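This report refers to the structure that appears directly beneath it.
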Amino acid sequence: MDKITTAAEAVKAVKDGDTLLVGGFLMAGSPETLIKALLETSSAKNLTVVSNDTGTVDSNMIKVMKQGRVKKVHGSYIGSNPMTGQMLIDDADSVTLYPQGTLAEKIRCGGAGIAGFYTPVGVGTVIENGKEKRTFDGKDYLLEKALRGNVAFVKATVADKFGNCFMRGSTKNFGALMARAADYVIAEAKKIVEVGELDAELVTIPGIFIDALVQSEDV
Amino acid sequence: MDKITTAAEAVKAVKDGDTLLVGGFLMAGSPETLIKALLETSSAKNLTVVSNDTGTVDSNMIKVMKQGRVKKVHGSYIGSNPMTGQMLIDDADSVTLYPQGTLAEKIRCGGAGIAGFYTPVGVGTVIENGKEKRTFDGKDYLLEKALRGNVAFVKATVADKFGNCFMRGSTKNFGALMARAADYVIAEAKKIVEVGELDAELVTIPGIFIDALVQSEDV
Amino acid sequence: MDAKNFIAKRVARELKDGDVVNLGIGLPTLIANYVPEGVSITLQAEHGILGAGPAAKEGEEDPEIINAGGFPITVLPGASFFDSATSFGIIRGGHVDVTVLGALQVDEKGNLANWMVPGKRVPGMGGAMDLVVGARKVIVAMEHTAKGSHKILDTCTFPLTAVGVVNQIITEMGVMEITEDGIKLTEIAQGLTVEDVQSATGAKLIIADNLAVMES
Amino acid sequence: MDAKNFIAKRVARELKDGDVVNLGIGLPTLIANYVPEGVSITLQAEHGILGAGPAAKEGEEDPEIINAGGFPITVLPGASFFDSATSFGIIRGGHVDVTVLGALQVDEKGNLANWMVPGKRVPGMGGAMDLVVGARKVIVAMEHTAKGSHKILDTCTFPLTAVGVVNQIITEMGVMEITEDGIKLTEIAQGLTVEDVQSATGAKLIIADNLAVMES
């Protein structure tokens, strides 16, 4: 199974109406090569984008949004992307905000076959609207449900040809979770090495999760 | 804060009636130096032991059990320790068995501030007795609650003096989770190095979780 | 070739290139020896390994790299290690393509009983419940009967490991698929009649129109 | 020393040796500059770092090692990195000893509002809700008023970040503890009267018997 392909080829997996999980925390671990290919070579629209922050003014995601192809966002901090802020102003239902740890855990559950979990975060705030509140040992918790995507874009520092990904430093953030929670997962890597060259102890995402592997333009 | 101490000193943290989380999968990652100290230097009794398997006939835990100091076990596979099997025969309530992934996730939740989670594992089996069953998207799930301990014993391959632990190969198993889910955490390490000598990318358990660090007799 | 190896070799032919596979203790471990050429699979060990390899050679055992049975193994290039919560996230999340395990009983609804015999010492379920619920395909690989007594039944009588999870049963007598209508015999071992298999089975078999001879 | 640095230096004296600390963006980041000698703390960055160090020097920025504000930082010996689910497990699980952040409003029940102003552009809560619920001690560090208008209130009017989580408020005017009975002023800045602080505060202050002079 040769997973290595071009960004343009890989992003063909994104279809109209898909939910797209996009790794990264601001620019750290942001799969810009893949988002750029989505911008330039794909016409997929009516996308739901799940991203911690939907990037910054310097990211390619804001350009995809300017093309009107993103109909919904699930995120946590959107102050760095004014397009997402504008979406929320124009249509309150188009942007769903979660506490950052809740968003991370929802995606982890999506990848781990867990339907939902009880978190104390958000109790007594607008976050609890529409959610089940329940008391365990005298403390209140909210039920949060798992989140999954059709396609995930993630970025690795080093990947081997099997798809094992090492995400260095603070680039692990959401990508490491999203790669487990989508039907089709595309990784871009700054460096691609032979199988066996990446230390088994440094694998952030096992290769079994990666469907397509692309050389990042960020080298 | 000097965390380095002797096994005998460290296990004084275990008190009568405590719930003790014990890392390891069979002998891999089993903190035998600490359990041996519990056996030989501590008189703490009425213990509840949380362990995947409670070790094997070669482990020190079976000797602690023979001293009659373990009143309850939470585990998953106990075929390797005949004492635990005997406990279950003598008193069905003294041993609680969980699917292995459920046990792991319960402990993870205990460390991560999550009160409970919905898993499909165990539906339609004896595991569902007494548990809430609930349907999400047409599939049945059981509510499983978090599990925590008073003290955890874990074993690392290498630890730095701050307590950062690297657990090599298949020794991560339960110890990596238990170190986050107890009030007091003792790690034994095959090798103890200076702070800065352990690669930040190889840290299985951050040092903030470790209260006491002991040189393992397994070197 | 003995019955166990015959079964293991036949199961191996079910594996597809790229599959992530978890093999239970006992007979299923033999399957790794028979993976067809051109098929590359990744073996998962449920306590925290992807890319498990053969048993370690004598004198080269590494106590930190063991299989789910506790025995020292090797890992292949491209392997990775992780904790048990991550590992069962992989399993429960549907990322294991095939799990192969033995059974005490399996029934025509796909129910599986393989973790305890009432009245006997209980070893615990370990990872079996997670594996059969999580894996995309569940194959039961076992000898057809327990010294003549039926293991393939219309209804399991032992405590269940999981409900409605088994997709396929492979024994020394044949290959069976669990269908909505019941257990369908799709392959039969050389020299056996349908009646031979039926009489060794505690559920009414549906016989496939294109019943084939089972080859290992 | 300006008000922000005065506040930051006073907050730093609340930190104990061995504390795991998360510092919010803005004023709280200054606190790292004032940690007393003999006190060793571990800084957590909520997207996945323990052991965060000072900002990277110009020309030495590493885009893979950033703080929660997106700026390149360094890490100290003994640091570690992890994904965001693990990181918020650390936070939610009570393993952060102290979090320090600013507030739009904070009230005498310990309620905190610091993530949105009704009618203004909403930046999202990021990790703030998780941090204040999960951390063992929550310190609000801010200027006492917003250009004269009250931020310390009997009841927050902006959407809450969390309910009943704030333990302490430190401003340029004083140090306040949230108690069951209300906000207790325990230290007051040199040259101010209790009336000065009270008039800048939208909740009735309880004055500590042993009210001390606030030193930075």
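Assorted remarks:
Note that the chains take the letters A, B, C and D in the order they are written out, and that residue 1 is the start of every chain.
Definition applied: a contact is a pair of C-beta atoms (placed from the backbone, for glycine too) under 8 Å apart; a residue touches a chain by one contact, two chains touch by 3 or more.
This is a predicted model, so every value here is computed, not measured.
Counted as hops between touching chains, the shortest connection from subunit C to subunit D is 2. Each of A-D and B-D has its own count of C-beta contacts, and the greater count is at A-D. Here the spacing of subunit B and subunit C, counted between their Cα centres, is 29 Å.
Averaged C-alpha coordinates put the centre of subunit A at 34 Å from the centre of subunit C.
Shared interface positions of subunit C, i.e. residues touching 2 or more other chains, are given as 75, 81-82, 88-89, 91-92, 133-134. The residues of subunit A that reach two or more other chains are 105, 108, 112-114, 119-120, 168, 201, listed in rising order.
Chain contacts here follow an irregular pattern that is not a line, a ring, a star or a complete set.
Interface note: chains touch in the pairs A-B, A-C, A-D, B-C, B-D. For subunit C in complex with subunit B, the touching residues are 45-49, 62-66, 68, 70, 75, 81-85, 87-89, 91-92, 111, 121-130, 133-134, 159-164. By the touch criterion stated above, subunit C contacts subunit A in their complex at residues 17-18, 20, 40, 42, 50-51, 75, 77-82, 88-95, 133-134.
Per the touch definition, subunit B reaches subunit D in the complex via residues 1, 108, 110-114, 160, 162, 164, 180-181, 195-196, 198, 200-201, 203, 206-209. Taken together, the subunit B residues at the contact with subunit A in this complex read 105, 109, 112-120, 134, 136-137, 139, 141, 145, 166, 168, 201-202. Residues 25-29, 52-53, 56, 75-80, 85, 88-89, 97, 99-102, 104-105, 107-108, 119-127, 157, 168-177, 204 of subunit A touch subunit D in their complex.
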